[in-house]
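Two complexes are shown next, each including chain A; its partner changes from chain B in the first to chain C in the second.
So, the complex of A and B:
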């Protein structure tokens, strides 16, 4: 038996599973229910890819079994799929179960769906119990209060399950479950589960409780937060495992919104300070990422005071952190503080920090500063920075790693716009030209695109005076790659420069290059003519372009001939 | 490779084709430690006299005091802090190691909780995040534990303590409990291989001496493996844990309990699916073979499991699977062989015709194995038809001459085993091929 046949048969089964809906349509709703579904329920020992497709299909089968009245027939096969070892299959089965739960009537939920959840929750292998965790919240809202009590009981049991995998699944659904419970039960049941999970011996469980904290805090009235939620949250922010602290830092903005301004002022501000000074770099970086958001969402009345007294000193320390990811994270948000603090504070306190980060040894840090200049520009105008900005830009533009060079090119139009045309011409023009002859093609391409954007900003006249001559000058370069760059630039610039410049200055250069020794240049000439053709007037097209294209159409090189002929037909010159 | 530019970098100097080695950054020995940082005030420990310098009756109490002192943890990420005290602790720990090895009558009941406390304070910590997101255990240098100068001695001490003649599990079990073991197991995720090696010994001793903890240990190892397979595919200590399991399995009593059989099928077999299999395959294969030597009736589920998870795109893994399969076949009973020979040789037939020559070669080497050959010979009427088409085809078509040579030998062996069947199959194969070719011709 050879490999091809083996793969084909899986493919066949896979394809037939994907066409399951067609088969069901052909069979009709009754035979689907009585024959197809039982067959599928028994085929569960199949390949995982097939099972995955099956799990997905069944989620859309409601109409094919006869509508919501019969949707519970889909439960047996999905129940088996939800116990399978392979995680993606299980997850998809749970997803489909959640979907079809919406189609169940409250009676059907009680008679069919909830018993399924119960069976999964009492399964002896962890896979079924894990799957059960995802089904509690969809089944709870519409059932009677006795059944609700049962569901709550099962959830409680799973939260203290022996296996950490199950506890993790339960913890990750805690927030979702809390949202569908009645407020009294949130206070009585959920809080105790939350506290227990937040003190679990495995940090992988504790950190999931932090996520749940956000949802729970949003549900409770303010006066209950202090007693019910805050002790656990404080504990999490000082957990001995850096992973839990990291999670707190990562969710900090959401937590801030959930607990409200009073608690933020009293508890979260000191917690945030500690996270910014954490001994683990990952945690500091996560907290640094949230600096701007945190400050923005502080209550207006003492926002400035809190930032200046508590947050800014920590931020100053982070600028010289030993870890580059921390500095990088900070650099991407620190500029945003200027809008919050206003002009004077920015100049006195923030400006030195921006300048320090502009000179950082790590290119990513410098890039992150440069990419956020518009915030600062609003407040103080970046002229203040331009002295330091320029060396920083130049260094990035010549970085050994091409991706760094690429990133700075992409900011060039923004910078040019903000710094103004004179500054640009004086300082940045040579840089943009140098990029056109970079060793890496991606840079040359980005540089070409950059020029186009600059022309759009500064106008055709500026282009004519400053860049067009230089671009056209490259047509005589001994390196054929550079000569081709001229053509690519012309392609990009012709529309923005307009008919006049294109006809009088660009076209002659293009036409001359049709005699180039290197075939690649010649066929790119044909492509260029095709590109700039629409910008030219019909006279130029007939008298100048057409003869050259016709000559190229008889070139010895196959590609030149091809592209010339293509250009002729597209420009309708035949 | 171009050297670093000596003049100021300009765009011209940058050459896309020269590459400063990325490895250079990783060669600097990276260290990490996740102990809580001390407050910044220097730590002061009052020096105690040496144990050998005090009379024997006073030694047990001095021993306890030294243990308590060693509970103080130092910050090794800050290389300059508390140098004198770090040295003092190191020499104290050294002293304790010697003391535990040679002394008699030092192990009072009060000593047990102090020992466990000291060890816990030192070794139990949340492991630091990995320096690089994509730590590839095969390629990258591991991040070493910065506080190893102390940590190593603590481990040494603990092992000697556990192995001491005076050690009494009945007392120790109050302190070496489930919580202790759980934290110990979490440490197996340490990137530092030296630490994992010590942990292996520690766990092995604990498993040996604390019968009451055995089921719990096995269960927790299960959970670690299940999480590894189904959730994270990240855990540094799989090989070490499997090594311990190997000796545990070796000690299983017959008949095997259902719990153990379930472990084999639901945990060990799925472990084969992980991407980083090469790091622990040897230990895993050993465990599997141990199981089969204990209970040969498990052969069928094991081989079916391997066939189900047979690698589809990773040739390196395929070679490993073939190696493991051969080890299994080395010990297989003929009755079991017959049960799985069909699906087994279907797979081998696919491997033999693999365009990847290492896979093909490894599969063909089965024919060098005397025992396997004898099994094949006994069942050649079933096996030959399955293998024939691939063998014949690759003898004509495979790109690698070494493989073609091996295949010829295999075909020769088959011909000698059962020449009538061989000739029949040759005839059918040729006529089938002709028919197919004429069909193709006629359709155009």
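So, the complex of A and C:
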């Protein structure tokens, strides 16, 4: 089948699957149950997009088969879909099954739903067994205790399945299953499964057990955590595989909340220190990312002491880490420590670190510091930093890589707001104008947008005095690209500057450029007039804009003519 | 169950000759059994994949005979052109690796020099009948004649085997891909080119992690390239890669994200008596394979097969000479480029026998326990169905006995580079330049 036909037929099938409810309505509930559903159960040969749509539709089919009394009829097609190899389709089928399980009566759950789960759990294919893992928690609460025992047994079996894929599915659902179990079974069953999965030979299984740890810890009473959960967690934090340690670092805040302040003080603080000093950079970076959150969530009574004695020394080391991602991760959160530690500690201990990172060779590190200045501003005021800040900003603004320059432009409105208009005018204004004539178009465009935001922040009067003259001055630049930038700026600024400035200062410049020798400039004049037209009054439009547009409409260049005519019609000047 | 050394190899029913169905330039470039041995995949220079399925006549008989028949054929890769470098990208399939079966369908990874593809092979045996808008012959009905809505039913049809590309893993290799290997975790795999090894997740095609990078900062300092790589069969964190200088490096992915530092380096000190101008070239490892039990690795260099114990780095535990008689011919083999031929090697199901190819359509099997070996030939003339293959012998010098073949009469254009062994039984697949042979041990 050639590709076009194949795509077309998939699209047709996809469209029809999305109209499945219409078909079901037309057939009526009985024919839907007896004819449509059997057909759908067997047609799982299709493309993934079609199967995915089907799995989703079936989740909403309860009324179309006759209501909750008949909802179990939806189980066969969904059971088929739960065995396909494409993960997104299986996951959607499981999601729909979970949804309709709520509409089964407790009797129907035992008679229809639970047997389905049993069949999937003991199926030959890994795919059915992985899907089963997602269904235990929804049927457990409402079935009899004998059936509950069966479900627990099935889950246990899947946790020690031969295939890593199935064990991974079981591990990822461990927390969710634990939540619906009675506390006694959590202690007796879940804990041993958790410990086993956390020592699995496959790294990919062990790291999912770390996630489960959070849920399990939240369910258990504090006094049981030390014996039932902490040994496993300590083991994970020192696992030979860096990926497992990474997971611990990544989930650190959740773990902290789950285990509570005592265990945090005794176990998690040293564990966190170790992660910050881990031999693998990825782990250090993940831990560095959590520094602020971890410190924030320490118990208030000895928070400062813990941070100053245990965390800050590690943080100092990270500032000069060999790996740039680690430093960058640290830079994105380190400023947040100032609100936690207060003014004096910030000035004495944190300020040197901020300044060091502000001078880091990696641009991303510097950018991350600059983007978080507001936290520091709150605590000690920006003046302390501003001396080092300016050289850092200038260096980033002139970086050889255009994406770095782009990033700093994006922070400019924020910085301007924090540093104030005087500092900006004194030091940053020239930079903003220089960006307007950068070699890279993306920079010129971002710079134009930047100006607009600055005008919004500082007001039209400021614009009139500081930037408008410079922008309009570019209209005489020998380089046509710079002349066009003037027009783009005018487009961006006219609304913020208001009618007065636009009419008296900007409009004359635009009109003058209608005589430019480069056609690109001329047709952009037409586009500009169209853009700023709504800001002008009707007098200006009729007496000044209309004649110029009419002239451009007879231009020798086709594009100029086109845009002029378009402007005339949009502005209703004809 | 124990596997005896195959002593009575019989040619089996089919000898697939791609040139009969396809343009004559197509040469088989890779051969691989799936995990049960029921399916055998071959890839060729024309980018095609042909899959054979085992059909067993009466498995209950002690001496069952199985046949491999064509199950599916599809075009995996097409030739491409790299516009930036003005280079052609060949469609030749370098490697095929099967995924463990997870449902009714089968999956395999196939790769050319630059792009890896995941293929799904599935069976369809039902089709829908009873459309509302169409007659049985396909003509559209007059809508005015349709008075009721009917639901099609599925009726049986002849078995159709469909192959569809499920994922394309592209743009991650600057150099030519020489190996792919699936991890025991069933969700990741590695791909290796001359200088780099990347780790992929089977579900994610737009990202790949680089785990080994041996490219020097200054390319003029390049002395060694990666020739093959493989994951350990059970340990999800361990993989090995071989080099053109005859070294093997075992790496542990747990220790760090970038595995440039190996955990073990396997290298045999050179035998000074055998030193020659060609020593380095012939020490280049062309293939590396872990044993099924995960305790050993086998390497193939130009003249020999070596077995290494994972716990001993300074020398192999066993060395088998494949065609030592070629050592005195290295000069002419260098001139006709044969010295650069990349032979593969493989283990039998219980790691007691290893096999590799040679020239003149010969292939060799070495029994590790009994210290015996045999040379067999895969050719039309010498394989009549139901007739046991006769062992061959090369006469290295001196008086040539009857039935022996002299070194100078060997045909170096007839090379067996690719061989595969069924994971459980004594059934082997051997690819000559353009034919595939399947042999089964009579004693089964």
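Here is the rule we go by: the second predicted complex is superposed on the first by the 553 of 574 C-alpha atoms of A that agree within 3 Å, B and C clash if a C-alpha of one lies under 4 Å from a C-alpha of the other, contacts with A are read in each partner's own complex, and residues count from 1 in each chain.
Just so we're on the same page, a residue touches a chain if its C-beta (ideal position, glycine included) is under 8 Å from a C-beta of that chain, and two chains touch if they have at least 3 such contacts.
The structure presented is a predicted model; accordingly, all values stated were derived computationally and were not measured.
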Partner chain(s) touched by A:411 [first = chain B, second = chain C, both, neither]: neither
Partner chain in contact with A:400 - chain B first, chain C second, else both or neither: first
First (chain B), second (chain C), both or neither touched by A:27: second
Which of chain B and chain C A:165 touches, first, second, both or neither: both
Chain B versus chain C as contact partner of A:35, first or second or both or neither: second
First (chain B), second (chain C), both or neither touched by A:462: neither
Which of chain B and chain C A:434 touches, first, second, both or neither: first
Chain B versus chain C as contact partner of A:87, first or second or both or neither: both
Contacts of A:126 with chain B and chain C, given as first, second, both or neither: both
Chain B and chain C contact sites that coincide on chain A, given as residue numbers: 85, 87, 125-126, 163-165, 168, 201, 203, 240-243, 279-282
Parts of chain B lying in touch with chain A, wherever the complex brings them together: 5, 9-11, 14-16, 20, 34, 36-37, 126, 128-129, 179, 182, 219, 223, 226-227, 230-231, 266, 270, 346, 349-350, 353-354, 386, 389-390
Chain C - residues contacting chain A, complex: 100-105, 107, 120, 122, 124, 126, 128, 149-154, 166, 184-187, 203, 234-237, 253-257
Chain B partner contacts - residues on chain A that touch it in the complex: 1-3, 6, 85, 87, 125-126, 162-165, 168, 201, 203, 240-243, 279-282, 397-400, 402, 405, 434-435, 437-440
Residues of chain A touching chain C in the complex: 23, 26-27, 31, 35-36, 39, 42-43, 45, 83-87, 125-128, 163-165, 168, 201-204, 239-243, 279-282
